[in-house]
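Take a look at the structure set out below.
In order of appearance the chains are A, B, C and D, and numbering begins at 1 in each one.
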Amino acid sequence: MHKGRLEAFSDGVIAIIITIMVLEMKVPHGGDLTALRPLLPVFCSYVLSFIYVGIYWSNHHHLFQAVKHVNGAVLWANLHLLFWLSLFPFVSGLMGENHVTTLAVVLYGVVLILTAVAYFILCRVLLAGHASDSALAKAIGSDFKGKVSLVIYAVGIALAFVGVWLGIALYVLVAIMWLVPDRRIEKALAS
Amino acid sequence: MHKGRLEAFSDGVIAIIITIMVLEMKVPHGGDLTALRPLLPVFCSYVLSFIYVGIYWSNHHHLFQAVKHVNGAVLWANLHLLFWLSLFPFVSGLMGENHVTTLAVVLYGVVLILTAVAYFILCRVLLAGHASDSALAKAIGSDFKGKVSLVIYAVGIALAFVGVWLGIALYVLVAIMWLVPDRRIEKALAS
Amino acid sequence: MHKGRLEAFSDGVIAIIITIMVLEMKVPHGGDLTALRPLLPVFCSYVLSFIYVGIYWSNHHHLFQAVKHVNGAVLWANLHLLFWLSLFPFVSGLMGENHVTTLAVVLYGVVLILTAVAYFILCRVLLAGHASDSALAKAIGSDFKGKVSLVIYAVGIALAFVGVWLGIALYVLVAIMWLVPDRRIEKALAS
Amino acid sequence: MHKGRLEAFSDGVIAIIITIMVLEMKVPHGGDLTALRPLLPVFCSYVLSFIYVGIYWSNHHHLFQAVKHVNGAVLWANLHLLFWLSLFPFVSGLMGENHVTTLAVVLYGVVLILTAVAYFILCRVLLAGHASDSALAKAIGSDFKGKVSLVIYAVGIALAFVGVWLGIALYVLVAIMWLVPDRRIEKALAS
């Protein structure tokens, strides 16, 4: 089974997810500064979510470059990943509400964790169909960064009950960790 | 006529359908648990619809892998399938309303049936342009699962008048039937 | 310049247009028949618009199969066509309002005419870059059906001032004319 | 790393951006002229934004035709460009409000500038990975038009404080400058 259509379909879904998030920024009636102020948290939330979805697209892109063949299990593991990604517009909108609630930050973290777990499952399902010395196995490696991310998300959720900004700060930290080019950060974290 | 653009267009439409369904989960003002509770049925309905659209994409993918050439009739049989799929966001939103009505469950079932019929027609139109011993004919086979699904949908619609949850249970059953890998379930159903 | 990306971009835009039209069918609160009745004209309008956008996608598909190369002028003639197509969700929603107004039917017809003109311009721009005995020139031919459509649209707009259903009937007629396989209808019209 | 998926993903995102802008034209209840009049500025704003997004897609298309290979930095420079493009539906809706405010015109100009800067960065990142005598380097050239655009945008923002229409006029001027075929306008501007 060719991977072309799976890539094209994933590109389509991720492209839509990353774009419809902007619809949460409802155009206000009356375009003065007072009317726009409530949109500032929505905008910040949008930026963070855009970066996260961008990270997943970029990682998905890298991952599938090393993939040789796909099967039914890969199709569904991929759809499972897309499902959790598709909840980003919702939790992003929720966290962008003017008065940030603990629940919104916790839910955002839960979606972050479940998306990361779905990505982890996708990697396992792909590895099951490839040799242990394949380019794919090397590309995935020990997935140190992925495991560290899961821990930070969990800590972020716990800290959100102390203060919402602590939770958000940890989510931002993980995003930065993935944005900075790979080798250096991995060395820094492993040392 | 090449099948590439038909696949790409279908991927695009299905990707949008599966993603805009999440827009039915309107972000509430005030992100506490009370505000989120009405979204639970919408979320469950979204999960079921996501799985159904995913099943159709997966089957469409498998089907067209065996297809050699397409013509104008295939184009329109495919658009006909996409039309019924495009109603999923609507019936999914309707069934996700807080107080599930009989009508919503019946309409959901009607769209399920008409989508299945459209898929059946697409298969017939494709078969008409291929030899009876082609890879396509083998891939479609007797389409036992498709026929059983139609019967269960119809029973589900009838049972929805007795109780909405009976209808929904049968729709969930069909989804599970398609999610479980093919051979085993076919054997189980055929025995 | 390759035509691949132009086709992919057009597929994307048309896929989105054909799908977001369904968003005009707002999910009502309370899913009984009384709540759904106002959606019937929206649904009918959606069916007609879906068929029209489908016709344009199908024709676009056929047209570009015969195209060898594209240039900047083709890119913009194509974007011009996509612009008018992108107004279908708006005029479709307008005509689907419960009490159909003359203005809505007239605007729908105006968009039909301008889309047809844009398609005509796209054909001319493409022909300018191809030999007069090319496959493209043969595929476009005298474009008899396109010219007849323009006349019927214009008559439909005029008749809409007499009665809205007369206008709509003519728009439906053109859609049927394009749906019925080519040769027979062309013979029928030419005789 | 192949450029195919980057192009496909960009096509998807730009296709969605250019299409969802039309959703800002909300279908009014009651389809008479009085109900439609408030939509006129939204429509004009949509036309301008459609042309701008079209120009970026067209330039993106030309740019990547000359690109041989992409890397992680290109991926993110491209996502950065898509981010600013994704704000067009918002600022377009804002400027389309019935009573055009200075703030709306200024914000539109700011997004225009930041999108242009993102495009400039993308070009630099691409050039860093290609030889100085490559087809890409020649295709980008001195980017005279890009630099002039930045200046006009800035003047437009400043003039918006004097009168909103002065600002809008300059934004329209830049759009026309890009629409008119390249060589002639470059000569005219350089003379």
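Rule of thumb we're sticking to: contacts are C-beta pairs under 8 Å (C-beta built on N, C-alpha and C of every residue); 3 or more make two chains touch, one makes a residue touch a chain.
Not measured: the values here are computed from a predicted model.
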| item | value |
| --- | --- |
| Per Cα centroids, the chain farthest from chain B | D |
| Interface sides of chain C and chain D: same vs different residues, half threshold | different |
| Rounded Å distance between chain B and chain D, as computed from the means of their C-alpha atoms | 38 |
| Centroid spacing, where centroids are CA-atom means, of chain B and chain C in whole angstrom | 27 |
| Two or more partner chains touched - positions in chain B | 8, 12, 15-16, 20, 23 |
| Complex interface listing, chain C residues touching chain B | 7-8, 11-12, 14-16, 18-20, 22-23, 25, 27-33, 36, 47, 50, 54, 57-58, 61, 65, 179, 181-182 |
| Residue ranges of chain B touching chain C (in the complex, touch as defined) | 1-2, 5-6, 8-9, 12-13, 15-17, 20, 23-24, 72, 75-76, 79, 82-83, 86-87, 89-90, 93-95, 97, 99-101, 103-104, 107 |
